[in-house]
Amino acid sequence: MDRGKCDRKKNSNVDIVAVLETQIDDLSPQVFGYLFDLLLDVGALDVFTQSAMMKKSRPGVLLTVICQVDKIEACEEIIFRETTTLGIRQSIQKRSILDREVKIVDTQYGKIRVKIATQGKGENTTIINVHPEYEDCIAIARQFNQPLTTIQKIVLDAFFID
Amino acid sequence: MDRGKCDRKKNSNVDIVAVLETQIDDLSPQVFGYLFDLLLDVGALDVFTQSAMMKKSRPGVLLTVICQVDKIEACEEIIFRETTTLGIRQSIQKRSILDREVKIVDTQYGKIRVKIATQGKGENTTIINVHPEYEDCIAIARQFNQPLTTIQKIVLDAFFID
Amino acid sequence: MDRGKCDRKKNSNVDIVAVLETQIDDLSPQVFGYLFDLLLDVGALDVFTQSAMMKKSRPGVLLTVICQVDKIEACEEIIFRETTTLGIRQSIQKRSILDREVKIVDTQYGKIRVKIATQGKGENTTIINVHPEYEDCIAIARQFNQPLTTIQKIVLDAFFID
Amino acid sequence: MDRGKCDRKKNSNVDIVAVLETQIDDLSPQVFGYLFDLLLDVGALDVFTQSAMMKKSRPGVLLTVICQVDKIEACEEIIFRETTTLGIRQSIQKRSILDREVKIVDTQYGKIRVKIATQGKGENTTIINVHPEYEDCIAIARQFNQPLTTIQKIVLDAFFID
Amino acid sequence: MDRGKCDRKKNSNVDIVAVLETQIDDLSPQVFGYLFDLLLDVGALDVFTQSAMMKKSRPGVLLTVICQVDKIEACEEIIFRETTTLGIRQSIQKRSILDREVKIVDTQYGKIRVKIATQGKGENTTIINVHPEYEDCIAIARQFNQPLTTIQKIVLDAFFID
Amino acid sequence: MDRGKCDRKKNSNVDIVAVLETQIDDLSPQVFGYLFDLLLDVGALDVFTQSAMMKKSRPGVLLTVICQVDKIEACEEIIFRETTTLGIRQSIQKRSILDREVKIVDTQYGKIRVKIATQGKGENTTIINVHPEYEDCIAIARQFNQPLTTIQKIVLDAFFID
């Protein structure tokens, strides 16, 4: 695993994303899990909440949605529809990204996908990160009654031996 | 309550707001309640804090102020004056907003304001949210010794029966 | 201000408090400010919330109430009445406390209370902390249009000059 | 809905629960979702995490598990197995609880369960809270393309009309 | 790495720890990093803070110290001395712990300590976790200009090959 | 200390900073302390983390780096290298700043630096904040076995007497 030595300056990839934000202080927390699913279904790249201390001692929630610019409208429609917010702020941001590739790794427990993040092209490609696919790992962990972290380590070992 | 069916594309309202942010790690938390009041008095639209983990294991505070662009200077003056911050970041953001209207609802406990959020114009107006006014509800809840959520439900029921 | 040199071992005061806790994930944050007031009115010593990440991606709230043991019932009644919780945990804890005394300090802006925390008795009394009274200070800060921290410093200076 | 008027003193129910806690600062956050499922499968009553600022500027996690006393061992085994913790603290706490009952409510969209929390016995039973079942509501919300909060309100209205 | 198969029931170790807690809402966050060092110097087992939303919209801090029972007094003295708190709650808790052992692992970058957590005795000893020593790893990472996670993986690989 | 009376409109200083943000949900919290050091070494102006509730009940971390625009690349390289993130968002923000100056103050315990924040020029300069240098104060506090807050107060008193 030869990391950290590539000349990143030549290899940077950039895209543009929208960041939607709204603070919410009068909605049951129950709604957010469902809201996450709806937003991801409609194509949001990522969704998260943070706790925020609002006026009048309210333990509010700051909702953040990262999406492609052409998904702003669909995401905003869901947020207005499912929450009590009266306003959604948006900013358009540049994003530096790594290339990603999915490979299949053979392990003693069966085939598991890994997501590989790389920088550079052709011979100069450098592996930056290797993520065993979470859903595959927990399926295996459950089936064979092994700790999740054990499965993840086995996948990484199998990947780097190849 | 016919929600979620309007054609939002034709009805979106947009305004521009300023977002002021500063992280603070050397000020007593006591100051923030007072700071919220000063900022709202001077016209801030919303104010909130979030906890942030700063360098040197400091449990700092990220302060966010949402205000109209012409209030930036007044808000910054208060922040510099009342806190220890040395710098305040600002970004100008587009904001999608719902139309808002205040109505009075008659209940068994007296008149209570509700804030109604809508999309669309004229015949195509759709109610998106109905918020019983918090200050009115807690006044009634205290006076009649009833749970706040009971009062809020009574207001909503009265609103939708009308 | 001679702090940190007393023999604390001889001077420790201890009392017993109840700690009530409940995690809530299906209630509007709006309720908590009102709940704080009700609980403090009925005699709670302190009340606070913390954000908690509940199952199903819900940004829940952990409510903690510190009260004397004879206030448990009154506090629990309010919590059941105003929130959606189905269960409130309680633990009885020993608490080491400082002696507290309130004094009036004369400043250029008028009289302001300070809360003084001490350890030890008689000649061996040591001042551990001096807190200018928050409500007094913000009243003065507003009246004379001075920063709150300036007022607090003036009070402390006046206290230690006496 | 006649809430808040029962004589709660005569009606309090109490049980005993174990609270397991451990702070974790060297484990991928990815593991916690899976851990929640395993702990709930084995019979934990509730599971949540809170962020904690650990030494050396680490954004750690405080894990809390509420369970019956006879589930302590099973829960601890899972926590040791799946996480990196070296120690799990436990305390045994008294818990005041409401009685709970599940009823089926008929709505225009079909049958939905509600969880009813009560205090008192027989004629003196008072309804304290009514929770439409989350999983039922989101199934209906998805099927009929309605906001979750709309479905929840329809269920509550149908319940109180009965 | 044979984890998760031992009979933990026979092997559990238990000790007793004190948990000291105090919420603080009128102290600069700057103090906490220094406070952590003082508490760990005097023998605290672990120290962490959590953000708490106090009354009057104050973003307070909940400080938790885990220590042996004979260190309560020393820890309390430091907390009273360095912070503004007026009271420190304490509870005595049972703690299930793993056995720990430190070994030295030889890697291509030199010797690095690993902390090994085990359950069981003699032939029945099972390794539950292996932690490369953080301070050793960052020293190596800095010296050889390698990512910290790379060094940690190399240490784990070397450990399991042995 | 004449604060709050200057005409700030004439005196505002503004610079431009980059804000880098990335949410991380599959990395050990252990890495962040080291990451902070690396980012500050390479010239970041400030670094902090916030807890974020990610999808699948993951207690993730939002990392924020404030830096000059010419440090974006160096900071991004470190973040990609040391963390598991696949994308780093950036926004360029205007920042209102105070002028800063460092002075040496003589105290009974020796010389201590203070950082003075001012607005205005020449005769119209107003002191907005005075911060005793944290590292100097803890060195003195340790050496003379005095509370940190006592040392900070002594420094401020000495500064304002001059």
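Quick notes
Per-chain numbering from 1; labels A, B, C, D, E and F assigned in written order.
Definition applied: a residue touches a chain if its C-beta (ideal position, glycine included) is under 8 Å from a C-beta of that chain, and two chains touch if they have at least 3 such contacts.
It should be emphasised that the depicted structure is a prediction, and the values quoted were computed from it without experimental measurement.
Among the remaining chains, C is positioned farthest from subunit A, on the basis of C-alpha centroids.
When the contact pairs of A-D are matched by residue number against B-F, B-C or A-F, over half are shared only with B-C. Taking the mean of the C-alpha atoms as each chain's centre, subunit C and subunit F sit 29 Å apart. Residue positions 3-4, 26-27, 30, 32, 36, 49-51, 53-57, 59-60, 81, 84, 91, 134, 147 of subunit D are each in touch with at least two other chains. Shown here, the protein chains touch in all possible pairs.
Against subunit F, the residues of subunit D that register as touching in their complex are 25-30, 32-33, 36, 49, 51, 54, 56-61.
Put simply, subunit B touches subunit F in their complex at residues 23, 26, 50-56, 60, 62, 73, 76-77, 80-81, 84, 86-91. The part of subunit F that touches subunit B in the complex is made up of residues 3-4, 8-9, 12, 17, 19, 32, 36, 40, 46-51, 64, 66, 91, 93-98, 100, 117, 119, 128-129, 131, 134. Subunit E contributes residues 27, 30-31, 34, 81-82, 84, 134, 138, 141, 147-149 to its touches with subunit F in the complex. Interface residues of subunit E facing subunit A in the complex, by the touch rule stated above, are 1, 3-4, 51, 53, 55-57, 59, 145-147, 150, 153, 156-157.
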